[in-house]
Amino acid sequence: VGNPPFSGERLFEHPPAGVVMGLAWTAMGGSSLYIESVLEAPLTTESKPALTKTGQLGDVMKESSSIAYTYAKAHLLRHFPHLAQFFQHAAIHLHVPEGATPKDGPSAGITMATSLISLAANTPIPPHIAMTGELTLSGKVLKIGGLKEKTIAAKRSGITTILFPAANAADWAELPDFVKEGIEGRPVEWYYEVFDACFGEAVARGEFAKN
Amino acid sequence: VGNPPFSGERLFEHPPAGVVMGLAWTAMGGSSLYIESVLEAPLTTESKPALTKTGQLGDVMKESSSIAYTYAKAHLLRHFPHLAQFFQHAAIHLHVPEGATPKDGPSAGITMATSLISLAANTPIPPHIAMTGELTLSGKVLKIGGLKEKTIAAKRSGITTILFPAANAADWAELPDFVKEGIEGRPVEWYYEVFDACFGEAVARGEFAKN
Amino acid sequence: VGNPPFSGERLFEHPPAGVVMGLAWTAMGGSSLYIESVLEAPLTTESKPALTKTGQLGDVMKESSSIAYTYAKAHLLRHFPHLAQFFQHAAIHLHVPEGATPKDGPSAGITMATSLISLAANTPIPPHIAMTGELTLSGKVLKIGGLKEKTIAAKRSGITTILFPAANAADWAELPDFVKEGIEGRPVEWYYEVFDACFGEAVARGEFAKN
């Protein structure tokens, strides 16, 4: 029945800052779904802020990236205001490989916000975390579909910690033990829990501190 | 059953800077697929950056050119910052002949990035290299289709080195010897390997150095 | 079966600068296809460059005019830089009569470039030259269709020299002698050969020289 829509490989052993592994789910199974954010022009005091989106994103996913963008700015403004200045002059290009595969849905919300914060802070996230969850502007993490398939895909990609919405805790509880073996499932209700899982160690090391 | 969508000729014996041979693949076979990048207006300290795209490109290929543009800027900014300044004022026109043939797909990603870097550095690439591969914003080279047909087309066009994604290494291994005879296949996992193959000698000659 | 899509008359005995005879080809035969370029506003040091296109042009033909525009600028910039300044302030209107007939295809590429160069240099081309050929950004002239029908139409319009792509040389060789009688066919591989045929005498007369 044709090729799987995503190749499902692990693209990056050590993703650079701005690159975060999300998880997708289709009728053909789960797969990794990376979000890549980079500067599309050098950051100067005169450069204009922008968010360019590519990857054959559907309307919901485009809106999702706008929400992640607004949220990431607000999150940093509240907690690390010196880092939030980044967004005032950053022309950001957010891409979701693979380029020929149409993608849609809101469940990459927390992944996109994490990608943008990682870029702003110039801090990669630990390489064995993947995540899935819709994000609201207030930072609430909403329920997603396909947790079983996404968990299988995450394990196949070498992931040892998966972040998923607390609203999916019952789905997680129902997963067979062999699926959950070797992978820690961490339910998150608010984005700050995602932030702690991804950047907690970097904050402790002083990487988010003002110079 | 009608004309082949591409004429499959070798258009340039010695492509100028900005012109790179990619490879296309349709149900009717493979063919060369050139990418041409030129300045559409003189470069001055006041000219505004832009990327115009022509050649009946579909949505995926248009996005692919945006990704190549962002990547080329980031690549030069990291490795040859004096050359990256080019993009701050360059109004670039990227065209994919032949103009009447609709084209789509992400597999010209590395070809487009190479075309843009070649233009920025004003350095042609060696005339007997062709390439195919999807590019991500982080510089990862992703799997493509039709490697066999593309290899046949490359040979027909006088190519002696073909760059293809490392993820297609198994496809390459399975090609019959008579197809691979006289052509070197070089799997690439990251764009910097494409860069080395295309510009390594020019860098060694000092052509990328700051004056 | 209805009116012919083009009237096929000779519109201009002595086309002014900016007007060049191309050739079209439909299921109903060949016809002349003029390209007209004029300034749509006075040229001042403050006027902004622009290219307006009319004549019921399809997508491919619109792109073709963009390619011709970029190419014409680059060609003059390289060979006659004082004339290239024209394009920095010229608001140009390019029209393809007859206005009610939908037109498409890339084969007017070299005609459009010639029209724009003729306008920029304020130099008409010799009245008995017509031409057909797709143009790439690098100045390569690509193969077209309908050479026989176009040649017949050119003769009917009093043309004595027809420029066509070198890639159509075999088509030319196969034309019956009675079709070729009284018309010189000149195959061109690169745009500079078109330039020489159209402007060579004017250059020799000093018309392209800097004042």
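Going in written order, the chains are labelled A, B and C, and every chain counts its residues from 1.
Here is the rule we use: contacts are C-beta pairs under 8 Å (C-beta built on N, C-alpha and C of every residue); 3 or more make two chains touch, one makes a residue touch a chain.
Please read these numbers as outputs of a predicted model, since none were measured by experiment.
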item: Chain-level touch network, classified as line, ring, star, complete or other; value: line
item: Rigid-body rotation angle, chain C and chain A, from Cα fit (steps of 5°); value: 115
item: Chain with minimal offset from the mean of all protein Cα atoms; value: B
item: Interface sides of chain A and chain B: same vs different residues, half threshold; value: different
item: Mean-CA-position distance for chain B and chain A (Å); value: 30
item: Between chain C and chain A, distance of the C-alpha-averaged centres to the nearest whole Å; value: 52
item: Shared-contact residues (touching 2 or more other chains) in chain C; value: none
item: List of chain B residues in touch with chain A within their complex; value: 49, 59-60, 63-64, 66-67, 69-71, 73-74, 77, 84, 87-88, 105-106, 109, 134, 136-138, 140, 142-143, 167
item: Residues on chain B engaged by chain C in the complex (per definition of touch); value: 7, 9, 11-12, 15-16, 18-19, 34, 36-42, 52, 54-56, 93, 95, 97-100
